[in-house]
Amino acid sequence: MKRTTRWGGLAVLLGAVVAVAAIAGATGGHAATDAKKPIVIGWAFDAKGQMAPFDDPALAAAKIRVKQINAKGGVTKRKLVIKTCDTQNNNPTTAKACAISLLGQGANIIFTTCDVDFATPVVQAAINRGVLAVAPCIGTDQMGPKRFAAKGKLAFSFGNVAQDEGSAMAQYAWSRGWKTAGLGTNTLLVYFKNVVQAFDKRFRQLGGKIVDRESYATGANNVNSAVTRLNSHKAAVYVTSTSFGELPAFVSGLRSLGNKTPIINSWAGDGTYWVTNNPKVTNYYFVTYASVFGDDPSAPVRSMIAALKAAGSPPSTGGFLGGADAIDGIVIAIKRAHGSTKGSALAAQLVKFKRVPVLGGRISFSAKLHTVFGRDYRVIEINNNKAKLKGLVRAKVIPKL
Amino acid sequence: MSTIASVDLQTLGDAFGQGAIYALMAVGIGLVFGVLRLVNFAYGQLIMAGAYTLAYTSGWPVAASIVSCFAVVVTLSLAMDRLVFRPLRGSSPAVMLVTTFAVSFFLQALALIIDLRDGTLGQIASSVAPLNQAVSVGGVDVRKVTFVAVGVAVGALVALALVLARTTIGLHTRAAASDFRTARLLGVRANRVIAFAVVVSGLLAGAVAVLLTVQNPFVQPDFALEDTIIVLVGVVVGGIDRLWTATLGGFAIGFVSVLVNAALPTDKTVFLPSVVYALVIVVLLLRPAGLFAWGRRAAVERV
Amino acid sequence: MSRRLDTLTELLGPAVIVILVGALATTASASNEVYFLNALVFVAIVVAIYVFVGISGVLSFGQISFVAVGAFAAGVMTVPVDSKKGVLTSVFPLLRDHSVGNVPSLLLAAGLGGVFAFVVGLPLMRLSGLAAGIATFAVLEITHNVLREWTKIGPGATTLALVPETTGALQATLGALVAIVVAFLYQRSRRGRLLRASREDPAVARSVGVNIHLERLLAFTLSGALAGFAGALYVHLLGSITTEQVYLELTFLTLAMLVVGGLTSLWGAVIGALGVSGLDSFLSRAEQSHVHVVLTFTLWQGTRLVFLAAIMALVLILRPSGLTGGRELRLRWSLRRGRG
Amino acid sequence: MPEAAALELDGIEVRYGSVSAVRDLTLSVGKGEIVGLIGPNGAGKSTTLHAIMGLLPAHRGEIRLHGQSLRRRSAEAIARAGIALVPEGRRIFGDFTVEENLRLGLAARRQAYIGDALGPAFELFPILAEFRRRQAGALSGGQQQQLAIGRALVARPDILLLDEPSLGLAPLAVDGIFQAFTEIREVGTTILLVEQRAQRTVALANRTHVLVGGELQMTLGPADAEDTDKIIAAYLAS
């Protein structure tokens, strides 16, 4: 008995070593050089974790787009292939292993998750090897030189950049005749902060007045305090950029206090999965890529949504469009680079994008901004928990933050 | 001038509401600690399970939804005791604590899988949301939940105090919390006392689930995790050895957090955790046995 | 004779197993190598925690603060200067305009971790029990908050990217070995034995003149230095770091590793770190695709953490003293038990 | 003996790790008897009581209550089977009132009671009735001991185990306690008394066993009470 307990440690250890060793036996592919070989898109994403609601729809849309493009003969006679790897709730070790494994399988372009912090291990694995790294829906200017310096030339996102979004929100507010605004900043994410900062700057440029600036953070348990304080400052519109639990807490918090002032949110506030029945969500606006409520003005977008529904993954926010747009954008870049899939060649083309038409509309990049700007945002209003397209808005100015 | 005054009253209301909810959690944690000497880190996941139950039953009549919330939480609480706490009885405090970490992660990971089935993360529990509406008190809007939270907390604490003081099971529980070995020598049934503590702590978790979803109707796997950590801190700061000091500690940390948050300039609220935890350190250094543990020496060498 | 052999195995056991894992790492494919290196870095972190928590018997939730400080110090100071000017625009000029090499960054991290631990420990080491646990936890919260919000010393809430990925198989193995040797020398030293004695019986230790406060402070500082060093290894493995990666989850996971392995022995720390990392990697791979170990394993997507947590809980329920029983590795067993 | 003894210890051995604290101890306590157990410090007296209560497992041998083995029963089960221990150091709940302490004793009571459940304690120690609302911690040492004995008696146990009840008490209080033992016996309760006051114990008990180094050394009767030499010899026999 004593003997077994004493040797128990060793036995377990041996087991652990065997288990770890077993992992060692994996494959390593070789990069495709033949022009007729398919173009491999390595897609490292979060399939079942926190980011899954963003990553899964983008991948689903990309897959449909790839199928459509391949049906028309592919790109420069080469088919597109998507190889995926699950980063498992964006565990940094797994994410890095995923990226290396996908590159080992000959990936020409690496796609990554929709949050730049979670994406970093994957992005670095790609750009360190001269491979283009693309995110379908990162919304900050961080996916590019701003975060990754010189190597960041190879990093792009097809999400809308927060500055552009905040500016569009300000324009929309001004156009509605809302002259005073109260700001609630969720300090958790750079994206959240930048949207509100951009609104702040652009709104004042247009002649608006900011009556109150409050901040709160996901996880800090202080959204109620921010709501209470905003409520005591009368404004024509309240502005925030948030999702997660703070979104319903913010909106229903204000409404519960009897405050009926319009609230405007960024893409973070897209969807109706979060709406509360009591009090119902009213007079709430947000800007997004596409309306998933059946009334998007673009026919191709509507048919993409139909295709996604048919594929069993109906989108709950407009963010899926980033996945489809990214495929279109990449295809255009490859064509303009005469079939090259080299990171530097593609990046050189992407930074020249000026109102280039993709599935969701026209998009632009610049040498500084590797995240989309200039999109025609869909403004959606939720009233009595029903979402409806209200109009389109495009930012005229991108404020420098 | 009037704005400032009204903000202060509102803030005070928020502070009382937060403090009341944390006091309830503190009792739930303190009660189990009392009889088992186990710091249950997984307490938040009981609340999370209750909140998910409220979310998934939000189509039901409110009463049915709340009853099922309590049923799920109490069942889970008993299951936790049976499957985890009981085999661990007598283990070192560090082992018990770390095992409850594992239980907590297990339940969160499970919730993530269940939640994500519909492609979105988070579920809305809004059956009790009307409680979040405001009533005007002297020109100041105060949320109903503040009164309900304070009312439930005071009611639950008074009821518990009466049970502990007047009933046999209450007497036995107090004896077990003070000296379990002697209590057993006198014939006090350990399993019955522990079951009582576990059930009451589950009921409190159920009540907290209802109150927390009023303020934050969006339920995610990490629901109440942050709150649990803060309450655990508060409980130790107050004095975990006794139920009343633990409860006061829970109340105090909730109350103080809201006030500090309100006192900080907007652009400095991001440093709220630093301020609160610096206070925690100061209090612990000055009164290691607990802020409210008058006349007790710091002889608690348990973990 | 047998005692000398015991001393030898106490060091050689952990060392050999770490070298073994390091050797396996070099034979694995590039993507799997990451998992082995990660396990070795975790050995360094868990051994650092062991040096304080295991030997003193005082629970601390604060050791990851020192890992965080080490990781950010080593990270910020090794990003090339020309990159820093573009990405770390708001940091102090001193930090922005200078960079150091790999080895100096490891030493810097160890030094900073040690100094920080010393400063924090000076008042806090008077506490024990739950009060110590919560006070050290408060240190973790404050460290995280400051690192996250103060953009003059680092990237703040954004990721610190562009850190040279110098933790390969060699550096990871050597790093883990350094932690093990330091921990071994300390626990064999007079001071280490005094502290261990104070864990067994504080009153007796005090009565024979042991200054428990001083001994704990020493262990805390040493542990902080090792943790800072391990943090540097970690940032050089990942090539990037966020404040969230060196916060609550890492704290709970590494403490769980220590307890699962066996809280009170160096062997336990090493086995816990390798065992849990190994299991985690195994489950991770099994979720990605089939894994063959005698049988073929496949896991449903998203269930890795459910299994990992359940297995850890099960181990602790069945073997509360951990996989090693909290004892050092002994190859020759006499009939007398270790404890009287 | 035609009838099974109230309590029998049959060749028990109790160990702490590899050290045995009690070896091959056999003794029996008949119904209504007082049996004493004396011996120097560390002789294994308390250990014996703990083994009877199930706080320590008997490594070998058997402990029987009314002929029924107590093997593998928990302390709480043994308490409810009719054995009450007044532990060393009294172990009263200082924060509780006197009445609450006594009510705790009812936890082990087997049958329903009529009238004042705490009667057995109040009859024996009227002072407890007077102080019933006071904090137990505020009582004097002797009163606390009375409370501890009273608490054990309200369970109406068949057998009362007492672990050094006179320890640390003033002489007058000791007299009171010893007086109480006689009264307890008169109600028919069996007593196993572990004591340091050898002479008084020998005088009181039907039989007194001397335990030295974990082994039964000698058995004395009340007649030996005056024979100081004999008692001293028994103590030194290790």
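Chains: A, B, C and D, in written order; residue numbering restarts at 1 for each.
Simple rule for what comes next: contacts are C-beta pairs under 8 Å (C-beta built on N, C-alpha and C of every residue); 3 or more make two chains touch, one makes a residue touch a chain.
Quantities reported herein were computed from a predicted structural model and do not represent experimental measurements.
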Legend entry - Topological distance between chain A and chain D, in contact steps: 2
Legend entry - Most remote chain, CA-based centroid, reference being chain D: A
Inset, instruction - By CA centroids, point me to the most central chain in this structure. - result: B
Inset, instruction - Give, as an integer number of Å, the spacing between the C-alpha centres of chain B and chain A. - result: 35
Inset, instruction - List the centre-to-centre spacing of chain C and chain D in whole Å, with centres computed as mean CA coordinates. - result: 53
Legend entry - For chain B paired with chain C, centre-to-centre distance based on mean C-alpha positions, whole Å: 31
Inset, instruction - Indicate the whole-number Å distance between the mean C-alpha point of chain B and the mean C-alpha point of chain D. - result: 44
Legend entry - Residues within chain A bordering two or more other chains: 48-49, 89, 187
Legend entry - Multi-partner residues of chain C (at least 2 other chains): 302, 304-305
Legend entry - Residue ranges of chain C touching chain A (in the complex, touch as defined): 17, 20-21, 24, 27-32, 34-36, 38-39, 82-83, 86-87, 157-159, 161-162, 165, 238-240, 242, 244-245, 262, 267, 271, 274-275, 277-279, 281-282, 284-285, 287-288, 291-293, 301-302, 304-305, 319, 323-325, 327, 329-330, 333, 337
Legend entry - For the chain A and chain B complex, residues of the former touching the latter: 48-50, 52-53, 56-57, 89, 187, 213-217, 219-225, 228-229, 231-233, 244-245, 247-249, 252-253, 256-258, 271, 273-279, 313-314, 316
Inset, instruction - Report the residues of chain C in contact with chain B in the complex, numbered from low to high. - result: 59, 123-124, 126-131, 133-135, 137-139, 141-142, 144-146, 148-149, 202, 248, 252, 255-256, 259-260, 263, 302-306, 308-310, 312-313, 316-318, 320-322
Inset, instruction - Sort out for me which residues of chain A touch chain C in the complex. - result: 2-3, 5-6, 8-10, 12-13, 16-28, 47-49, 85-86, 88-89, 91-94, 96-98, 100-101, 104, 116-117, 120-121, 123-124, 128, 142, 145-151, 187-190
Inset, instruction - State the interface residues of chain D toward chain B in the complex, per the touch definition above. - result: 53, 55, 74-76, 79-80, 84-85, 87, 91, 93, 95-96, 100, 103-109, 151-152, 155
